[in-house]
Amino acid sequence: MTMGSGEMCRFGVLTASDRASSGDYEDLSGPAIELFLGEAVTSPWEVVRCLVPDEQSLIEASLEELVDSDGCSVVVTTGGTGPAPRDVTPEATEAVCERMLPGFGEQMRAVSLRHVPTAVLSRQTAGIRGSCLILNLPGSPRSIREILDEVFAAVPYCVDLIGGPYITTDSSIVDAFRPPHARRE
Amino acid sequence: MTMGSGEMCRFGVLTASDRASSGDYEDLSGPAIELFLGEAVTSPWEVVRCLVPDEQSLIEASLEELVDSDGCSVVVTTGGTGPAPRDVTPEATEAVCERMLPGFGEQMRAVSLRHVPTAVLSRQTAGIRGSCLILNLPGSPRSIREILDEVFAAVPYCVDLIGGPYITTDSSIVDAFRPPHARRE
Amino acid sequence: MTMGSGEMCRFGVLTASDRASSGDYEDLSGPAIELFLGEAVTSPWEVVRCLVPDEQSLIEASLEELVDSDGCSVVVTTGGTGPAPRDVTPEATEAVCERMLPGFGEQMRAVSLRHVPTAVLSRQTAGIRGSCLILNLPGSPRSIREILDEVFAAVPYCVDLIGGPYITTDSSIVDAFRPPHARRE
């Protein structure tokens, strides 16, 4: 798969974390997502980063800006998906999405359950706002990678279907699938 | 299992497709469902067919007619379950159902994920209206068969529980399960 | 793991059943849950029992009392999760919870599907009210055990995260998982 067969895609990476946003510790989760994108995506892309505390209104405002103002076609969040009272990323995601894609949450939990039984506690979800896919990931960099390795295979075709750019991937990292009629070249 | 141990069941088969309903191409999905029913169901049955464009209000009206006027005990839809803006079958289904059965969507996606990673994008669901089970299937005839082969095993007992007819199946096609206390003969 | 490394936890066990609550037959499901707790939980615990008919308002009132008045940190329900019209436990649970944990329903159905295809019909769910986890189980004692054996591994850490007592388990029965930073001793 050669560079340039796809179109420029802007990815939003939103880290929701009280402690990382206050400078208590370094955000390792956002960079883990970018590292994956650097390895997996072969079509042109750029990233818009966002680091916010676990406040639903702030997460919602950031998601809206990433989609509506920054023109992101995919926004990946990390953090705030557990059962603790300060975990509100799924609520913020659902509030700004026009429709939900329940399969992502199911698959992400199933992937993580192979590694740790407490994956069942994650409330992560995914949905569509305009022509942008918003996807919640957990906070742990290791879990992020385990999930993206598997789930990202469906992202390019999803973006096609909702009117976004044509994304291509390195099949040695992620074997993105499109039905034959949707493939270019 | 002999013919006649069960009761007459009316199945509704609803195809949601802009292109098939406008005559752009032939509906292959509805017939794939009927083909399966012909092989699987050994108790008496008949079918009511319906072909509508991907308009939520039309799908809702058709589902209501299939259940309330035609007296279907099971309605199987095909098409309109993806993330594209014109895909509205799950919304229509949820709008006409009194309660949802989330397990069907989960299982159908899990079955299809064995074949194709983009199965995660399906929003298909199932629910109950009155004493009728409404079940969304995807549009592809191959996926329809993969899913029905597995999921239909729970349909007869579900119909029992919601007050519909006693459906029997050919166990070489689908091994329908009922707990011992719910079995006839 | 020695007794006393954890804190007193009050468990609520609610059986929803028209027939058991009217005395038509003995409640075997509630005792099956207590039997499991007796084998699995090594920190101090006590139980508050509740047997109610399948009436949504009564189940809701009982759940509220178990959480708000009795101070339960975990409430496990049994019964009323199927598709039949009298099955209303998930509705009652959702009505009294502030947030839902969809992973539990998914995992419980997946566990039961290994044993019986009609597990797909279960609508069981889980959610949080205050600092209490409410978990729906099916009615069958055998299914209860199959599910608790697997799902309970995530319960102690969930209770930690929502502000409840530190629960310890016998790892030969349930290998409860906590991330290293959340472990005592």
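Going in written order, the chains are labelled A, B and C, and every chain counts its residues from 1.
Rule of thumb we're sticking to: a residue touches a chain if its C-beta (ideal position, glycine included) is under 8 Å from a C-beta of that chain, and two chains touch if they have at least 3 such contacts.
This one's a predicted model, so the numbers in the text were calculated from it and none came from an experiment.
Homomeric contact chain A/chain C is classed as different-residue, with under half of its interface positions used by both copies. Rotation relating chain B to chain C, from a C-alpha superposition: 120°, rounded in steps of 5.
Between chain A and chain C the centroid-to-centroid distance comes to 32 Å (mean Cα coordinates, whole Å).
Among all residues of chain B, those that touch two or more other chains are 106, 110. On chain B, the positions that touch chain C within their shared complex are 99-104, 106-107, 110, 128, 133, 150-151, 153-154, 157-158, 161-163, 175-179. Residues 82-85, 91, 105-106, 109-110, 113, 116-123 of chain B are the ones that touch chain A when the two sit in their complex.
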